[in-house]
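The structures come next, written out as structure tokens.
Note that chain A is present in both complexes that follow, paired respectively with chain B and with chain C.
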Partner chain A sequence: MKAINETENINSRIRKDRVFLGLVVLFSVITVSPIILIISKLIEKGYKQLSFGFLVEKTPDTMEAMTAIANNELIPGGIVNGILGTLLMVAMAAVIAIPIAIITGVYLYENQGKWLANITRNVSDILQGVPSIVLGLISYLWVVKYVTNGFSALAGSVSLAIMMLPMIVRSTEETLKMIPQTLKEAGLALGIPYWRVLTGILIPTGFSGLMTGILLAVSRVIGETAPLMLTALGSRAINMNISKPTSAIPLLIWEFYNDPNMVDMIWSSSLLLMIIVLAFNLTAKQFAANRK
Partner chain B sequence: MNSDKITKIVLFSVSFIILIVAGGIVFSLVGGAIPSFKTFGFGFITSSHWDPTEGRENYGALPFIAGTLITSFAALVISFPLSFATSLFLGEYYRNTRVAKILGTMVDLLAGIPSIVYGLWGFYILRPFLIGIGFENQGFGVLTSSIVLAIMIIPYATSLSNEIISMVPNDLKEAAYSLGSTRYEVIRYVTVPAARSGIFAGYILAFGRALGETMAVTMLIGNSNIIPDGLFSTGNTMASVIANQFGEADGLKLSSLIFIGLLLFVITGIVNSIGKLIIKKMN
Partner chain C sequence: MNTNILQVKDPILAIENLSVAYDKNVAVKDVTVGIKKNTVTAIMGPSGCGKSTLLRVLNRMHELYENIHTTGSVTLNGEDIFKMSAIKLRRKTGMVFQRPNPFPTMSIYDNVIAGYKLNGINQKKQERDEIVERSLRDVALWDEVKDSLTKKGTFLSGGQQQRLCIARALAFNPEIILLDEPTSALDPVATSKIEDLLITLKEHYTIIMVTHNMSQAARISDYSLFMYLGELVEYGKTKNMFTNPQDRRTEEYLTGKFG
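On to the complex of A and B.
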């Protein structure tokens, strides 16, 4: 406390206190303003294109877009190829990642303090910090080159699955740690087999916590673009074959961004992507709130 | 063999997958980088000459390493006052109030916005704005990318420091109040020193986030293969050069891009480990 100047009078100290509070509030408001600015811009520029057709029609080609712009009309078509591609790849990534991640989370919880569990936890943490573009490179080296022999939905899913893994591992372990030990012990004391205690007591008790982790992980990978550019590549057609190039909403946004005729489609696609991401995010929050 | 044993074996072997994946990542990156390493050696890291022209191919990663570090560091500097103020707002001034809950949710949502949407916003809104106020004349480059990066990493820097700040024991703060301190003085001489290492760790982890951001930077940095010579210079980061040049890459160029991926992996790994280590030391 010696740093406070003794001769400083109380009025100037109070003034300093008020100014500081003012700055804190001001900067906090500046901090959250981008979310409002971004969402309002997406709504303002994107709502016109957003219609039922936008959800069920395929991406138009550049010529169609040019003609529409010349006639002062909305660009026809939609992004159904991207919507289905995103659905396919994210669902497949979830199917790959969720079982592995939850079992790993249970393993970490059951082996607190053991060296192999500690290593696994640290490795999982490191994996969480790996930039998504590097995971795209990896999936390219593994799947595109050796499994599907070309850009494919499967390759996209693998890169997204590796992204999801560590997030769900961590949230699973954290959730299980908060469940009272006595619950598990009571089950074991009744003679219930170990695996039934895990699947019948631990996991149902932590269900909403697990769901929070899963939904947040899904919402995080839905908007991923970079790894998909290196793996799924994109496609103008609807593709449900996992060994063929496939589009996704963020990939289409990237294509529209690079094509001057398609600019109008950028905003509606981004708005849709944002709505989906926010829906997952807020549902996850709801699950988290239910637990408390 | 009884069922308990089988359960344990299943748990063990499935959780081994994550170790295999991590090992595989290192193995594949190193394997993919070998042709480039054989040709350029460690000169790859120190050379600033990137030329894919056939016949006189030469690849050096220095411009991208420099671009990555400069944009990420600038982003950290820009985000500091914002996220520091926000964590004080959430963890000290308005702790456990409705307004803090709303603000906290909004900060979390910032983390949910996809990178490509940040890129669009930077390109169509922020760039014209910077040009309009005469701050920039082209709008592309280190400064524009860093501002967007700064917004993107705010949630990561804020969440940890907010948590640590709210955990500073009340006894300490009350002691200072009873000596006649103002709230500002309590924050400055008690709260912040007590939470210092946690706040620091939060910024390290946020820095690690910034290093690997791809899409937004790719859309804003101008994509020139030079070492940025200032905030208004264009450049390229390690992540953005991979995203930009991967499409037409094979042979030595592909190997060089994988080499850059390996370097990015190592750098983010080191930065994140330092952050984690500080957090561990605190507990």
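On to the complex of A and C.
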């Protein structure tokens, strides 16, 4: 009797095990499938438009697009104005955010447990949760109204920089915390002043970690649309003047969405944006892997 | 006056009535001791007896901690260490830590010269080469690494890394080398190499070493300090202390009754 019961028991355990394994696989597939569906859809719908011209030509006007569609041709032109605008604004945002964020991160690392550092850390975390459109509004109030007296790339950069700040602050602090305390002590014991220990030993040692944080922050803001609508506005022309309205890839996607003749351009622009974001993400992962 | 504490004539380092407290916990209690030049002095004692704290005061690394308070005086060659700049003091006192800690982003060469480079001291390449070679020869590492000076310091074995760290501390030609359990993370072979090295280094430097390992203290030190609960219990020639300890606590520690 007993022996039979044991066999049954084992069989039911094996069955349960299979059911759970099946569930684990199922949920994993559910997690992975959105990104696969997104990328395959973007490739399917966007690849036709993606050509060298797409990267170096300006946005076509509605008439050109309409004519092309009527003749069953590809829409001419590209999104170089958006690409350059995105590059300009993200680069400027990085230039603004990185030094401030790294210095703040170092401050938090050096002052663990102190009240001002705790407040700073909490405020930085809250900033991370502020909706991006609100950051756009703030930048509109500060920069568009008072600094550039109109929509501008600078205003766009400021809103993106505020978004990047808390991410880099946190990653800087966490990276520095991972570095053994004894490296800092070894540096100080050599009579090296603190700031040189920081710039010559700690930051180079944590370089991969800092780069990971920066690249993830960049990849996060590259696709931001809402704050740019209120600040950079967009432009059909190539603009490298930071005090003038400027285009960006996500802004163009929004514009194309509102123009029935430009539907094909939505997909190719989205595909390009996706490729850029993925590239930043994968590079960040590479840096993270190099940390050991 | 405590007769268990040896009086040293013309000490290179004189510690007088030194007390150190973290908040209200006294870690070092009223220690007075003179360290003799060109000797190896071991600081022994059970965990938490204040030996590492004492060592760290000697190059003012204790100042990295907050709420730490010291009284008493320490003079190096007659100069009050609390009155000179910490940077100057630390160049005169090299420090080696428990675990080998070469700077991971730097080559072997750069590790040795780091103290100069990061202090912004400009030198000709030839001068740098000389310092690197001298320091690495001093720690008997030159022959092992002379063809791979551009490799990262972290590529070396644990024992080699620790010798590299000693070389880094020697680069400034310090008066004193402070070692905080320098072999506790190393295997026996690497340990014995470091021990041999310390014996040869005392010709040019004064060595103060914290150790948990009594037989190590017996093997290489000339003088020993025994500390217990922050107090300096006994100080004298190592040979005498191990054969004829004056204080009951020293005897009990050395015979393994606690520790």
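We take it that the second predicted complex is superposed on the first by the 272 of 292 C-alpha atoms of A that agree within 3 Å, B and C clash if a C-alpha of one lies under 4 Å from a C-alpha of the other, contacts with A are read in each partner's own complex, and residues count from 1 in each chain.
By definition in this document, a residue touches a chain if its C-beta (ideal position, glycine included) is under 8 Å from a C-beta of that chain, and two chains touch if they have at least 3 such contacts.
From a predicted model like this one, the values you see are computed outputs, not experimental measurements.
Peer 1: Applying the document's definition of touch, where does A:Ala279 land relative to chain B and chain C: first, second, both, or neither?
Peer 2: After superposing on A, A:Ala279 lies clear of both chain B and chain C.
Peer 1: In the overlay, answer first, second, both or neither for which of chain B and chain C A:Met240 touches.
Peer 2: A:Met240: touches no partner chain.
Peer 1: Just checking: does A:Gly200 make contact with chain B only, chain C only, both, or neither of them? Give me first, second, both or neither.
Peer 2: Only chain C is touched by A:Gly200; chain B is not.
Peer 1: Can A:Val134 be said to touch chain B (first), chain C (second), both, or neither?
Peer 2: First partner only.
Peer 1: Go through the superposed model and pick first if A:Ala289 touches only chain B, second if only chain C, both, or neither.
Peer 2: Neither chain B nor chain C is touched by A:Ala289.
Peer 1: Between chain B (first) and chain C (second), which, if any, makes contact with A:Asp17: first, second, both or neither?
Peer 2: In the superposed model, A:Asp17 contacts chain B only, not chain C.
Peer 1: Using the touch definition from the top, say if A:Leu165 reaches chain B (first), chain C (second), both or neither.
Peer 2: Only chain B; A:Leu165 stays clear of chain C.
Peer 1: Counting touched residues of chain A, say whether chain B or chain C comes out ahead.
Peer 2: Per-residue touch count on chain A favours B.
Peer 1: Answer with first, second, both or neither: which of chain B and chain C does A:Met178 touch in the superposed model?
Peer 2: Neither partner.
Peer 1: Would you please give the residues of chain A that touch chain B in one complex and also touch chain C in the other complex?
Peer 2: 193
Peer 1: Which chain A residues qualify as touching chain C in the complex?
Peer 2: 180, 182-183, 185-193, 196-197, 200-201, 204-205, 207
Peer 1: Inside the complex, what are the residues of chain C that reach chain A?
Peer 2: It is residues 59, 61, 64, 86-91, 94-95, 97-99, 101, 103-105, 114-115, 117-120, 165, 168-169, 172 of chain C that touch chain A.
Peer 1: Show which residues of chain B lie in contact with chain A when the two form their complex.
Peer 2: 3-4, 6-8, 10-12, 14-19, 21-22, 24-25, 28-29, 32, 81-86, 88-90, 93, 103, 105-110, 112-121, 123-125, 151, 154, 158, 176, 179, 181-185, 187, 189, 208, 211-215, 218-219, 239, 242-243, 246-247, 257-258, 261, 264-265, 268-269, 271-273, 276
Peer 1: Given the complex with chain B, which residues does chain A contribute to the contact?
Peer 2: 1, 3-4, 13-14, 16-17, 20-21, 23-28, 30-32, 34-38, 41-42, 99-100, 103-104, 106-108, 110, 119-120, 122-127, 129-135, 137-138, 141-142, 162, 165-166, 169, 193-195, 198, 219-220, 222-226, 229-230, 250, 253-254, 257, 266, 270, 273-274, 277-278, 281, 285
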